[in-house]
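The structure appears below as structure tokens.
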């Protein structure tokens, strides 16, 4: 039973306190219904690295709320580690969190979107997806993989009116966690989650003749 | 005398009927005053490839309207030609139209923007700035140059709170001219000027902690 | 017991008939001893996606032949498939073949190379590592991941005098298999394995002040 | 009158003491005849930014030595300067030295190469052609332009068996000049001209089924 279906539906996978919460609020303020997916503290609990859990989660969403208009993929495992200290299991988990999750989500949701005649898949990438740095072998490799996957999906499905975009987050997102990690962090030198969230909304609302595939965001002070 | 200064000021250089006009309308609808610069049919007449004319134009604008909040650079000369047919003069003019113009405009306006404490310079690039194709030696070389200039300006001036962005227009813009050139062009396979204009406005309004440096736009059907 | 140690040692992982064989011959002609690794038809049998098998293989190589001067990574699983037909298992195997293999090999061999004071790791990439195309979601994602890994390793280990390079093979390699797949393939429109092998040798012999990290090769007729 | 035509002919434009001299020696050692072009201290005196002088120089070369097999373009003007201090004339001269020169040379020599059925044009780029940095507005813009031009030429002329390659020199070349500018420069942290020259020779000798379009070189210690 999905009431309220005149309102568009957004799904946030890899939902969390910082950016996820800001995106939720920003989309709700704009008139979207928002469903969140995560392993904990979300409306739908699922491990997105597991295709079965993802299929179950999206079936549930379709039954309860309808076909999503926008799906935002924020799942990631940040691994910054000297290469010799990185285990093959860590390397794999880092890939699985970012890449297998988006593979599973895309498989679960794009067919319905094509039937519905529209849909957007917005994928959160990182600087590490553009440049592989020292101590980033696991994370850079995963974020490169994610970018390659996203490009392939765009080229395969945009002609079907499914918009696939890759956001490059270049900077530290302001959060309790990041302030603990970087105690001297200054507020406007970090990406404010609400500010970042506006880019997701902008992408979700782009008209069909002017779709963005890739966009970067960074604080004005970020060295790049 | 500049009345009305509570309204932000946008300047469009290389103003023309299609995209330029749509940007003007979009910014005006959002509450901007808009001043246009071109060699003809604009509020300020100037050849942007000439530093003296550009300095004069921006002095005039500052006197009449104040310091611009946003400057949009659309100047270009599209040259598609076999290499052996391209003359050195055509090659140079193509570079001059795109690159020298933005150099001159940036020199004229960034100092005032820095004094004012804010400003955005939005530069219109093209696919040819990302990939040099057959018969595009002049145009690709110019658009690559423009991208390099824009990146350098971003890295030099963003710490001063001057936002520099590069838009990659990937597709044919719908216009009388383009319909003449490509008579079979279908409407939603071309970039609609009003749709493209929204990206300029989005960039102009980005908060300081989530600035985009580079963004591409293309119709959903565009092969890329 | 490793006699003959005045001759440099090259190891080819993912050894196969076409390119692998040509690289072997090219290096041997230049005075290298060459050891090959593959799941079958190689001097050392190992599944490079398994860290234990890789560690065992390289222990064996060190005992029998010494520390490699050059390791060439050619392991790959070419998956070209519509996204909806690609299973999560295929997606994972494609990544595992290209990326996990190089992770395992790098972990097994770089520490010895650092002790030895020199070493080169030459990694075979593909066009799909630069651009994600339709029907290439698995392969492009894997090859992007490989490129990201390779860049990270270069930035982490080049200061230790370990040379890490990424070769972009852009074109079809001439082989019995490729001629079956593309029956109209013309000889000099395909990459001749011996010609490609020269680039591996060139990289292996680069002096320390002029190291290449990335190089592409393609037939003169290839559209790119 | 061109005797000796069994030996291949290489031309170095923008010939100078450091890299140019090393390339000359490396090619001569390999059996090439080498002709040098520069405004001074070269076999043929010409300002390569002037199309007439370039045409005259290459006519002279064809008459005296025959059609070049390889042309190496090293012309450049290194401008590192705050943007507000860079004059429009400096900006233009920087572009003219790198880009107009290669345009003129390509126009003068590619037609003869096509008639001859082979030829290589090797163009010296820089890191600044990949990334526009602070204080590099003129140089980065020029080197981006050069890369765009080179790509376009490759895509237009490689099917005619003319090999066009772009070398990215990432690091300081060891020379008297660079040691004056950076007095603490350590020898093997700088690119040794003879080491760099080997990459030019490698490109010149690539077989037609495995051509490189782009290759970077840097010292093992270079941060990138």
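Going by the order they are written in, the chains are A, B, C and D; count residues from 1 in each one.
Quick note on the criterion: a residue touches a chain if its C-beta (ideal position, glycine included) is under 8 Å from a C-beta of that chain, and two chains touch if they have at least 3 such contacts.
Keep in mind that this is a model prediction, so the values were computed, not measured.
Each step here moves to a touching chain, and the least such steps from chain A to chain D number 2.
With respect to chain A, maximal separation of chain centres occurs for D (centres as means of Cα atoms).
Chain C has its Cα centroid 44 Å from the Cα centroid of chain B. Mean C-alpha position of chain C lies 30 Å from that of chain D. Residues of chain B found to touch two or more other chains are 155. If touching chains are joined by edges, the resulting network of the protein chains shown is one closed cycle, each chain touching exactly two neighbours.
By the definition of touch given earlier, these chain pairs are in contact: A-B, A-C, B-D, C-D.
Remark: chain A residues 155, 158-159, 161, 163, 171, 174, 188-192, 195-196, 198-199, 202, 206-224 touch chain B in the complex. Within the complex, the chain D residues that touch chain B are 51, 82-84, 88, 91-92, 95, 99-100, 103-104, 106-107, 110-111, 128-129, 131-137, 140-157.
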